[in-house]
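Pasting the structures in now, so scroll down.
Both complexes below contain subunit A, partnered by subunit B and then by subunit C.
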Partner chain A sequence: MIAYNTFSFFLLYFGGTFLLYSLSPKKIKWFVLLLGSFVFYFFTAKGHVISLLICILISWGAGLLIQLLGDTMQRKVKQVPKEEKGKRKKIRDRYGIYKRCVFTVAVVSIVSILLVCKYDDFFVQTVNAIFSTHIKPLSVVHAVGLSFFVLEGISYLADIYFGRIEAKKNPLRIALYLSFMLTVVEGPVAKYAQLGTQLNAGKANTYEDVSKGFLRVIWGIFKKVVIADRAVMLVNTVFDNHTEYGGFTVAAGIAFYTLQLYCEFSGVMDIVCGLGEMMGLQLPENFARPFFAKSIRDFWQRWHITLGVWLRDYVFFGVSFSKGFRKISAKTKNRFRPYYATLIPTLIALFFVWFTNGFWHGAGWKYIVYGLYYYVLMALGMLLEPLFQKLSEKLKIDRQTSKPFALFRQLRTFFIVLIGMLIFRAQDLKTAAQMFRSMITKIDFSVFAAGHEARFGMSLYDHGAIAVGFAVLLLVSILREKGVDVRGKIFALPYYIKVPVYIAALFIVIIFGAYGEGYGAVDMIYANF
Partner chain B sequence: METILNILREINPTAQVDETTELMEEGVLDSMSMVMFVSALCNAYDVDISLRDVVPENFATPECVRDFIAELCGEEV
Partner chain C sequence: MIKKIASEILKIISFMLIFMILLSGVSFLCFSEKAVSQLKSGWQDSYNFLSDEPNTLQIVGVGNSDLYSGFSPLDLWKQYGLTSTVCAEPRQKIRDSLELLKLVFETQSPRVVLIETDMLYDRNLKNGNVRNQDDSLEYFMENADPKYFDSFIENLFTVFKFHNIWKSEDHDLKSKLYNTHGYKYNSHTYKLGNTDYMKETDQEEPLNKRNTAQMDDLLDFCKSKNAAAILLAIPSPASWNYARHLAVERYAEERGVPFLDLNLCYREMGLDMQTCFRDKGNHLNYSGTVAATAFLGKYIQENYSLPVHSGDNAYQHWDEDLGKFEALRENEDLD
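Coming up: the complex of A and B.
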C-alpha cells in the first residue's frame, strides 16, 4: 500500500495530479482528479479494483432508479386533483414500496461486498467452531479502502432515497466521489453533498489554500513520523511480549498505543485534509482534540467524527425512525416512567450503532466487544442519570460549572478510553484480560529503568523526540481548544518571518522524523479496516 | 406549549428553555436526545413523526415544534 506520507505518493501521484488540477481549465478539473485517483487506486490496491467498480455501478444504477421512481411519483400525484386524497396516498404508497425495494436491494448488495471480502474468514471460522465443521473460507482479497467506500456508497443512496440530493447521471462523477485519492484509503467518510459536489465543481485553488494546506500537511507528517513511528517501538515490545510485563509498564504500553493511534490516524487526516486544502477542497474533519472530552459521548463526537456522523445519520436515525421501532416506543409508553419510556427505545437503537461501530473496525469478536464496551458504559450512564442528578444536588456539585468536577470527568473519560484501546490493540480478548490483570496485580517499573534494552528499543534521543513532540502537540491542542487559529496566525505573519517558519517546520520533520535503520514506519492502521 | 417545554426539561434538566430557545444551536438537544424528544412527542400527542420530518424548520425552537405538532394533529396545541 502506498502511504500518504511517502515521497512516492507526493511525487508520483499527488504531485502530478495537483499540478494538472491547478493548471487545467475548470471544466476538466474533475476529470483530472478522477484519472489521478484511478491511477493511484489501481497501484495502491495492486490491481484489485473489482469491489470498487461494483460499488460504483450499484450506487450509480440504484441511485438513478430511486430518483426516477421518486420523480414519477411526484408527477403522478400532481396529475390527481387535491380532493382525491385516497388516490394520491395510493400512488405515494405504491411508489414508496418500489423505492424501498430498490434501496434495500442496493444497500444489501453493497454490504454483501463488505461481508464477503472482509468478514468471510470470520463467519466461516465461527461456523466451524460452533458446528465442528471444516468449511474453507473464500479468502477473497480485501480491497484497499473497502470499509470506507462502502459507507460512502450507502450514504449516497440513502441521501437520494430521503430526497436530500439528486442522483448523478454520469457514473464517472460517482466514481470520482468513491475513489478520490485523498479519502479512499482511510477516509474521512464524506457525504456526497460534502465532497462529491466540491470534487465535481472544479473549484480553483488560491495562494492561501496552498500555503495553509501545506502547513497542515507538515503538521500531519510531524505527528506521524516524529511521534507515532517512534511510539510504535515501545507499544510492539509491550504488546508482543505482554507476559513479561505488568504494572506501570503495561499501562505505559497502553498509553503509548493511544498516543500512537491518535498521532497516526489524525496525522494522516491532517495530511489528506491539508492536501485537499491545497487543491481548494474542504474535507470533513475527523478529529477535534478527543482527549479533552468529558464523557464517552463527547469523546466519540471528537474521535473519528465522520464515522460517528455516518452511524448517527444512517444507523441510529434509520433504526429510531423505522415503523417497527415506533411500535416498541409505543409499548414502553405506559409501562415505564416518562424518562425511561423514551430512554429505552433510544438504548435499543444505540445497540445497533455500537455493534456496527465495533464490527466495522474488524472481523473479530474483540472488535464487537470493543464497540459494546462503549455501549454498556454509555447505557449505564444514561440509565443512572436521574441518580447522578440527585447525588450531585445532595453533594451540592454544580455539574455545569464546577472545574474540579470537569477535571474528574475528563480523567474518567481518558481512563475509559485507555481500557478501550487495550481491547482494540491486544491480540485477542484473552490477552486483553491478562494484560489488564497484570497491570493491576504486578509491580513493574521497568519502563523507567536505565539501560538501552530496558528502554524498549528506543534510544534516549527517541524518548526526547517523543517528549518534545508530545509537548508541542499538547500546546497546539490547548490553543486550538481555546479557539486559537494557529495556522491562520502563522499565515498572517509577515513574509520575512513566515518563510523561515515554514522552512524550519520542514526541517524539523526531516531531522526529527523516525526514518532509516531500526525504525519501522507505522502502517496506516485504519487502512486495514 | 407547556407539554413541549416540560418534555425538553425532562430530557435535559440543566438547560434553560423557553419558547424561543434555539434547541440545536444552544445545545439543548443533540442527536440522541432528539430521538428521545421525538419519541416523547409521539407518545404525548399520539402522532407519527418520520425521519423526513426531522428538519430544522420543524425543530429549531419549541415554537417551531408547536406549529409542526399542530399541523400533524390538525388542531392547536
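Coming up: the complex of A and C.
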C-alpha cells in the first residue's frame, strides 16, 4: 500500500494529478482526477481492483435502474387523473416494490463483497468453532479501501432511492466518486452530494486554496510522523509484552495508543483534506477535537464523524423508519411512560448502529464487543438519565453551567474512551481483560524508572519529541475549540513572514519525524479496516 | 486578473525554490554522509562503518532486522579477534543492501560479505502463501514498488536519511549501545514452545523474480570486489521454515555461493527456545545473538583464513568499544 505520507504519493501520484488538474480546462478536470485516482488505486492495491470495479458497476447500474423506476412511476402516476387515488396508489405501491427490490439486491450485493473479502475468515472460524468442522476460508484478497468504498456505494444508492440525488448516467462519474485517491484508502466517508458533485464539477483552485491546504498537509504530517509514528514504539512494546507489565505502565501504553490512533487517523485526515483543499475541494471533516467531548455521544460526534453520520443516516434512520419498527414504537407508546416510550425504540435502533460500528471496524469478536461497549454505556446513561437529573438537583449541581461538573464529564468520557481503546488495540478480548486487571491490581511504576525509556524502544529524545508535539497539539486544539482560526491567521501573514513559517514547519517535520534509521515503517491503521 | 494570477504563481514557485535550495544546502552541509561521520563517532545503525578507519573491516553483513538482532560484531571480536560491521535496517531491501555495500567498499575492503537471506522473502505473503511466479501482473507490481522512488529522494536530499542524528547525543544511553558496529542490543525474552519450526518438507517456498534478480546483482558486486559472499539465515522461528531453506539452498547452489542456515542448527549452537528469542520468535535476543555469533565466527574461521587482530595496537579501539558495551550492559538495565 502506498501511504499518504510518502514521497511517492506526494510527488508522483498526487503531484502529477495536482499539476494536470490545475492546468487542465474545466471540462476535463474530472477526467484527470479519475485517471490519477485509478493509477493510484491500481498501484496501491497492487492490481487487486476487482472489488472496486464490481462496486462501481453495481452502484452505477442499480442507481440507474432505481432512478428509471422512480421516473416511470412519476410519469405513470401523472397520466392517471387525480381523482383516481386508488389507481395512483396502486402504481406507487407496485413501483415502490420494484424499487425496493432493486435497492435491496444491490445493497446486499455490495455488502456481500465486503463479507466475502473481509469477513470470510471470521465466519468460517466461527462456524468451525461451533460445529467442529474444518471448512477452509476462501482467503480472498482484502482490497485496499474496501470498507470505505462499500459504505459510499451504499450511500449513493440509498440517496437515489430516497430521491435525494439523481443517478449519474456516466459510470466514470461514479468511478471517480468511489475511487477518488484522497478518500479511497481511509475515508472520510463522503456522500455523493458532498464529494461526487465537487469532483465532477471541475472547480478551479486558487492561491488561497493551495496555500491553506498545504499548511494543513504539514500539520497532518506533523501529527502522524512526529507523534503517532513515535508513540507506536511504546505501544507495541507494552501490548506485545503485556504480561511483563502492569499498573501505570499498562495505563501509559493505553494512553499512548489513544494518542497514536488519534494523531495517526486525524493526521491522515488532515493530509487528505489539505490536499483536497489544494485542489479546491472541501472534503467532509472526520474529527473535531474528540477529547474535549463531555459524553460518549459527544465523543462520537467528534471522532470519525463521517462514519457516525453514515450510521445515523443509513442504519439508524433505516431501522427507525422501517415498517416493523414503527409497529414496535406504537406498542411502546401504549405501555410505557413518555420518556421510556420514546427511549426504548431509540435504544433498539441504536443497537444496530453500534453493532454495525463495531463489526465494520474488523472481522473479530473484539470489534463487536468494542461497538457494544459504547452501546451499553450509552444505553445505561440514557436509561438512568431521570435518576441523574434528580441526583444533580439534590446535590444542587447546575449540569449546564457548572465548570467542575463539565470537567468531571470530560474526564469520565476520556476514561471510558481509554478502556474502549484497550479493547480495540489488544490482541483479543482475553488479553484486554488481562491487561485491564493487571493495570488495576499490579503495582508497576517502571514506566517512570530512570533509564527505562530505552526499554520501550524509545530514547529520552523520543519522549521529549512526543511531549513537545503533544503540547503543540493541545495548544492548537484549545485554540480551535475556542473558535480561533489558526490557519487563517497564518495565511493572513505577509508573504515574507509566511514563507519562513512554512519552511520552519516543514523542517520541524523533516528533522523530528519518526522515520528512517531506528524507526520501523508504520502502516496507516484505518487503511486495514 | 492575469497579473494577480501571475503574482500568485510566482509566489508558489519562489517558495518551492527557496525550500529546495534550503533542503539541498542543509543536506549537503549538515546531513551528508561525510558530515555525519565527522560529527558523530559511532553513528548508529547501518552507517556505523562510516566512523571506522579505512581498510580495517574484514567482514560486512547486510540484511534486515534479523541480522542486526542476531549478529554482534563486538562479540565476534571478543571471541575471534575479527573486525566486522552490520549494515542492516528494518525491512531492508536487497537493492538498499547493494547501495550500502557500495558505500562500504569506498573506504573498506572486507574479505567476507554476509548476506542475510530473509530479504529474499521480502514481500512474500505473511501467511506463507506463495505468489504465483508466472503471474506477470504480480511481477510488474513487484517492480513498481514506490519504495525505490522514496529511496531516490532520500539519497538526493540526505537530510531525510540522516535526520535522526539529533537523537544520538552522547548522554543518550540507548545511543551508546548503538555504538556496537551496527548490532542493536535487545535483551527482551519471549518464551517459545518446543515445536521444531524447521520440520522437513519437500515443498519449496518460491523466491520472487525481483528479489532473486537483485540478489544476483549483489552477488556479482561482491565478486567484482573479490569478496567472498555467504548467504546467511539467522534463526527466526516466526519468519523462517524448511520450505524457505530449500528454495534458498537451491538458489545458492545455482549461484555457487555457500549458504549457512543457522535455523537448521539452532539446537546444535545451544539456542534455548525459552530464553534466546524476543518478539514472538521473530528475532534473537542478546543471549541468542551471542550463540549465533559464536557459531558463525567458528564457521568463518574454519573456512576463510582471516588474520586475527586481537592484541594489535592498531585495533585497540575495538577493545575499548567492547569494554564500553559490556560495562553498559552489566551496569545498566537497558534493552
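The criterion applied here is as follows: the second predicted complex is superposed on the first by the 524 of 529 C-alpha atoms of A that agree within 3 Å, B and C clash if a C-alpha of one lies under 4 Å from a C-alpha of the other, contacts with A are read in each partner's own complex, and residues count from 1 in each chain.
Convention: a contact is a pair of C-beta atoms (placed from the backbone, for glycine too) under 8 Å apart; a residue touches a chain by one contact, two chains touch by 3 or more.
It should be emphasised that the depicted structure is a prediction, and the values quoted were computed from it without experimental measurement.
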I'd like to know which partner A:Q389 touches here: subunit B for first, subunit C for second, both or neither.
first
When the two structures are overlaid on chain A, which partner does A:S320 contact: first (subunit B), second (subunit C), both, or neither?
first
May I ask you to name which of subunit B and subunit C touches more residues of subunit A?
C
Figure out whether A:Y207 sits in contact with subunit B (first) or subunit C (second), or with both, or with neither.
second
Check the residue A:A330 against both partner chains and state whether it touches subunit B (first), subunit C (second), both, or neither.
first
Quick check for you: in the superposed arrangement, does A:P345 touch first (subunit B), second (subunit C), both or neither?
first
By the touch definition at the top of the document, which applies to A:V185: first (subunit B), second (subunit C), both, or neither?
neither
Between subunit B (first) and subunit C (second), which does A:V417 come into contact with in this model arrangement: first, second, both, or neither?
neither
Considering only the touch criterion stated at the top, classify A:R297 as touching first (subunit B), second (subunit C), both, or neither.
first
Residues of subunit A that touch subunit C when the two form their complex:
2, 6-9, 11-12, 43, 46-47, 139, 206-207, 210-211, 240-241, 451, 453-455, 459-462, 495, 499, 502-503, 506-507, 510-513, 516-521
Which bits of subunit B are touching subunit A when the two form their complex?
7, 10-11, 13-14, 30-32, 35-40, 42-43, 48-52, 54
Within their complex, subunit C touches subunit A through residues 5, 8-9, 11-12, 14-15, 18-19, 22-23, 26, 44-47, 89-91, 127, 129, 137-138, 140-141, 144, 146-147, 149-150, 153-154, 159-164, 166-167, 169, 172-175, 177, 188, 190, 279-280, 332-335
Would you tell me which residues of subunit A are touching subunit B in their complex?
162-163, 297, 312, 316-318, 320-321, 326, 329-330, 333, 338-339, 341-343, 345-346, 349-350, 389, 399-400
